[in-house]
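First chain A sits with chain B, and in the next complex the same chain sits with chain C.
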Partner chain A sequence: MKAVTEFFDRSTHSRTGNQLLSSQGRFALLVSIAVLAVAAPIVQMIHPFWLNLMVRMMIFALLALSLDFVFGYAGLLSFGHAAMFGAGGYAAAIVITEVTPHALVVLPIAVVAGVVIAALIGWLSVRARGIYFAMLTLAFAQMFYVVAFTDLPATILDRGSVTGGDNGLYGIGMYELFGIDFTSTLMYFYLTLGLVALSLAIIIRLANSQFGRVLQGIRENEERIEFIGYDVQRYKVVGFAISGGFAGLAGGLYVPFQSVAHPGLLHWMISGELIVMLLLGGMGTLWGPMLGAGLVVLLEEQLAGFASWEIILGGIFVGVVIFAPRGLAGILISLRNDPGSAVENAKQAVRDYLEAVRG
Partner chain B sequence: MTTTTTEPNPTEFEGGIVLETNGLTKKFGALTAVDDVSLEIESGTINSIIGPNGAGKTTLFNLFTGKHEPTSGSIKFRGVDIGGRKPHEIVADGIVRSYQITNFFSELTTLENVRLATQARQTGFRPTDFVRHHGSVQEPIDEARRVLERVHLGDVAQRRAANLSYGQRRHLEIAISLAADPDLLLMDEPTAGMSPEETRETVELITEIAEDVTLVLIEHDMEIVMDISDRIAVMNMGSLLARGTPEEIQQDDRVQEAYLGGGDRD
Partner chain C sequence: MVEAIIRATLLGLQLGMTLALIAAGLTLIFGMLDVINFAHGALFMLGAYLGTVIAGQLGSFWLALLLAPLIVGVIGAAIEILSLRPLYGRNPLYHILLTFGIAIMIQGAILQIWGGQSRRISVPEILSGSVPIGPVNYPLYWLFVFAFSTVLIGLVWIGIERSNLGILMRASAHDTEMVNALGIDVSKVFTGVFVFGAVLAGVAGVLLSGTQSVHPGMGFNVIIEAFIIVVIGGLGSFRGAVYSALLIGLVSAYGALIAPTLTELFLFLLMAVVLMIKPSGLFGTTEAA
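So, the complex of A and B:
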């Protein structure tokens, strides 16, 4: 077990007083992954549909994780992460259909597609700050949406179809790897779990690296970090591109699983939902947004039967933002630190809010 | 590359001109914030820039550090024109500034605040910079600790910067700038808002730093200015009004009129 925790993070004690996760936290992550791995076959037996839902929860957890790396961790408010998600998804769809369904070929291409799009959007947007950066990323992502929706590449390349326009690309085949049958949801679950766990490990590694510390410095005080000698714009572009790679991977996992790539993947609704996942989960913690993503996907699925489930999700969202501004992660952290006064804390949060409203 | 802040400047610049501006001008639209300023900063000296608010002192700092690009004129650092260079390149060249308002990473520990500055000189975009844990790269940590000892913040290294006292914050502010290993340190009102006791400590610290770093201060406390400066530059409405030793400045009629209020000084 120690070897595994060390894989997640070699330095177990923090000499600089800064550590993204305590060793306890890393252990909790490993336990969660193990529980998921063990629970999957049982869920499959009880109700196969739930396993399908869990795969989608994990894919969106990966997408939320990629956004948290730049938004919560580096302070880059990206409103266009759907672009990289969609880029990875379309890249996977096209390569599987036209070239090969080999996972070791397709998934890296999905990652590269995400990196390239993110580097482009990032490079064009990092000169702006704050809300202007957010609006630029949103605008660029919507451009990519239109490119896919109108199948612009087909017009340019003078081919019948590349992105399939508003229909999208459907009937996408499944991955092949070492003869494993990924049409089995259980096998796809393990593929997804493995890649999400690997991505989380890599991102924690990055976040604790010297590079990651600079990103955090940018979030804390962009001007000062520039005036102690860092090329802030370059750090932002590189951070954004790395994040885009993981978003692309999420797209590459999502499309073959749904067997369709449609422009909706690139739509700003996805980017907006991602922000909700981050705020709900507690941004900047990396694991919080993953929880938030799981919760949002679960609620969507469960509440879709209701006429206007968005109102319920919206209600939960408002509640969390008002009473637990640090999200689910914040609630869990304070529960761990001080389980005795949980009820008292909750009451206090309500009292504080009521007082604030009364003025 | 100099790796510690305690080493003296390279001898080749000893006594020479570190920074030289020629006809330096910065305009913001119709406003001329810095107007045709020509001055030299000699290596190893303490220099003060004084002048009323809006005289262009801070704009001058912003020009030296690359925050603003000169409208016209030149800034030479060790003989090389740095006008138009990016802030992080100028820091790498050896010009670093500290801030008047406390301007650091308040959610990070005191040590991490300084470590980020010591890390800057040896990190970049090599593969190891992305994978090695920041806590396992020893050199920047050791160096940050040395800088903290130097500004008497060793005891609070693990405390969050936001929880430091006012005096400690101001020292951290100086520590971060020192950790970037400057040859020329620009200090914006290092004693602003301090109690007499804190001011005395800070002045001591400044004179200590001056042993191996060339200093330019913006300072309003005339007693301090006259006491520690080797050279003083007086600015008014963007222009350089006078330059000289404290004695020369005190006896300059134009300065008396424009800034020191014309009153007699002892």
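So, the complex of A and C:
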């Protein structure tokens, strides 16, 4: 808790200069957000469907960001982020239908749902490490999937339906806020963009705070951090819960937009896809995974028309791992640092590959 | 009631032994190569499809049982040499993304070649019909699957424990540099282990294509089950994988008897409980990073 209060106190802000993003990087992020905001109405005019696609890309970017905070940044290999995404989504669906569609009520509830589920999963899993931690988070997330799929709450509470079983909950209404019409994709785009930008700002701030430094230390050398006197388990659980809150927010944004909450949101394929987005984008950079998420959503949408889209998508993953292990972020950083030797680097990568294959 | 329990027990043992074939490959590949092979389920599925097609074309189940795993082994060799070999020593996460990509590619290729409808292998004449076991009439083919898997697992076990090749495999896993320094080409040993795991998965695929339908989703279905088995048994432990495969087979069979929709929940609950009590699995010695 101390770390969280210190986070709001600017004076303890790290001055090591080893910031997650340079001021230049932050400027680039601001420009990207501004470009997105300006581009939206133009895209709307040219082809409204693309705007719909952009909203989904941003929601998954937020989800990938939340995972990168614990996975790329704190080294907690979560294979169960779909649970928090789905929890936020189902919470939003139920509150909108049963109580109120007011965004200022529903979205915080979605965040809290994500935090609670993440705290529970994190608390139960943190004693295991590495791949065993991953499998535990997977197990708990899959349990939530089965619970939603079989509508266990309805059986326990003796009600007709709570999660809607394998059909899910459909016909979810849209948010209400200050009389803005969110059924317009453009308005929903701005809501999403605003919340994604806010989340990104908070996560960058957290990552650069003392709390974030401790998480990073845990990733690098857990024993040492423990010897210094930090309660490693508690830091992990808190970090995981914070990440879960953002995943819940992503779920809360996704469900009303699609107007359906179904068990597929909780399935491990979502968690697996998230890890793919992270590695494709370049984990630990926060902005890389967001790009990766956008790219995966875009590819799945664009390639769906091809008969052999799975072969192409799989081939891209394989190619990235072999030739660009640091992901999109790695490619962009090396292009910025040294644009002249891009061709030479590519040739070298192919040579290295051939040499490795020959053994 | 007694009848149902006997039937479930037999079914559980049969399923467990066949799953052991898949889990054994997965755990050997992890133990020796440090690779979490997400494509293992896809190789299993490939075995099932190739088996069904070969049995259909050549009209012989036995030829299918021989040829399909060999073809899967060749494909396994190509995967190992072309994509895994350049990645050894890197963060194991990259292996997950790589093999995930390969799994998607194999699934896509299967959809392209054989379409989405489900199929089944035709069981040979000699194995059709059923035999009475106590009060239960049990299909002969299912008994054959159980016996075949058990013998194969037994042979692999003895091979790993006793044969020179098994000792070489374990030595390469234990200290790669030392074995390399002794003049043995470790990269060939690694390829061999991966191919061996692929062949076992292929055999399991052909065997199970006679008891359940063959469809393009089966690869991803089985991989999670196989992961649960390997994690409960302790990553890298062959013995652990076999015992826990039997356990999972029985839990699945009894679970289907009690509450069919919640079987998956039981499996994950079992894994969670085991990991919370023993964070590195039942037979795991070291904590995997």
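By our rule, the second predicted complex is superposed on the first by the 342 of 359 C-alpha atoms of A that agree within 3 Å, B and C clash if a C-alpha of one lies under 4 Å from a C-alpha of the other, contacts with A are read in each partner's own complex, and residues count from 1 in each chain.
FYI, a residue touches a chain if its C-beta (ideal position, glycine included) is under 8 Å from a C-beta of that chain, and two chains touch if they have at least 3 such contacts.
This is a predicted model, so every value here is computed, not measured.
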| item | value |
| --- | --- |
| Three-chain arrangement built on chain A, chain B and chain C clash or fit | fit |
| First (chain B), second (chain C), both or neither touched by A:Ile311 | second |
| Partner chain(s) touched by A:Gln210 [first = chain B, second = chain C, both, neither] | first |
| Per-residue touch tally on chain A - higher for chain B or for chain C | C |
| First (chain B), second (chain C), both or neither touched by A:Glu344 | neither |
| Angular separation of chain B and chain C about chain A, which is computed from CA centres of the superposed model and rounded to the nearest 10 ° | 80 |
| First, second, both or neither for A:Val232, with chain B first and chain C second | first |
| Touching partner for A:Glu223 - first (chain B), second (chain C), both, neither | first |
| Nearest Cα pair across chain B and chain C, whole Å | 14 |
| Overlap of the chain B and chain C footprints on chain A, listed as residue numbers | none |
| Chain A residues touching chain B - in the complex, by the definition given at the top | 9-11, 13-19, 205-206, 208-214, 216-217, 220-221, 223-232, 234, 238 |
| Contact set on chain A toward chain C in their complex | 77, 124, 127-132, 135-136, 138-140, 142-143, 146-147, 149-150, 268-269, 272, 275-276, 279-280, 283, 307-311, 313-318, 320-322, 325, 352-353, 356-357, 359 |
| Residues of chain B touching chain A in the complex | 65, 67, 86-88, 91-92, 96-97, 99, 103-109, 111-112, 115-117, 119-121, 123, 125, 129-137, 141, 157-158, 176-177, 179-180 |
| In the complex, chain C residues that touch chain A | 36, 81-83, 85-87, 90, 92-94, 96-98, 100-109, 111-112, 185, 187-188, 220, 224, 227-228, 231, 235, 261-262, 264-265, 268-269, 271-272, 275-276, 279-281, 287-289 |
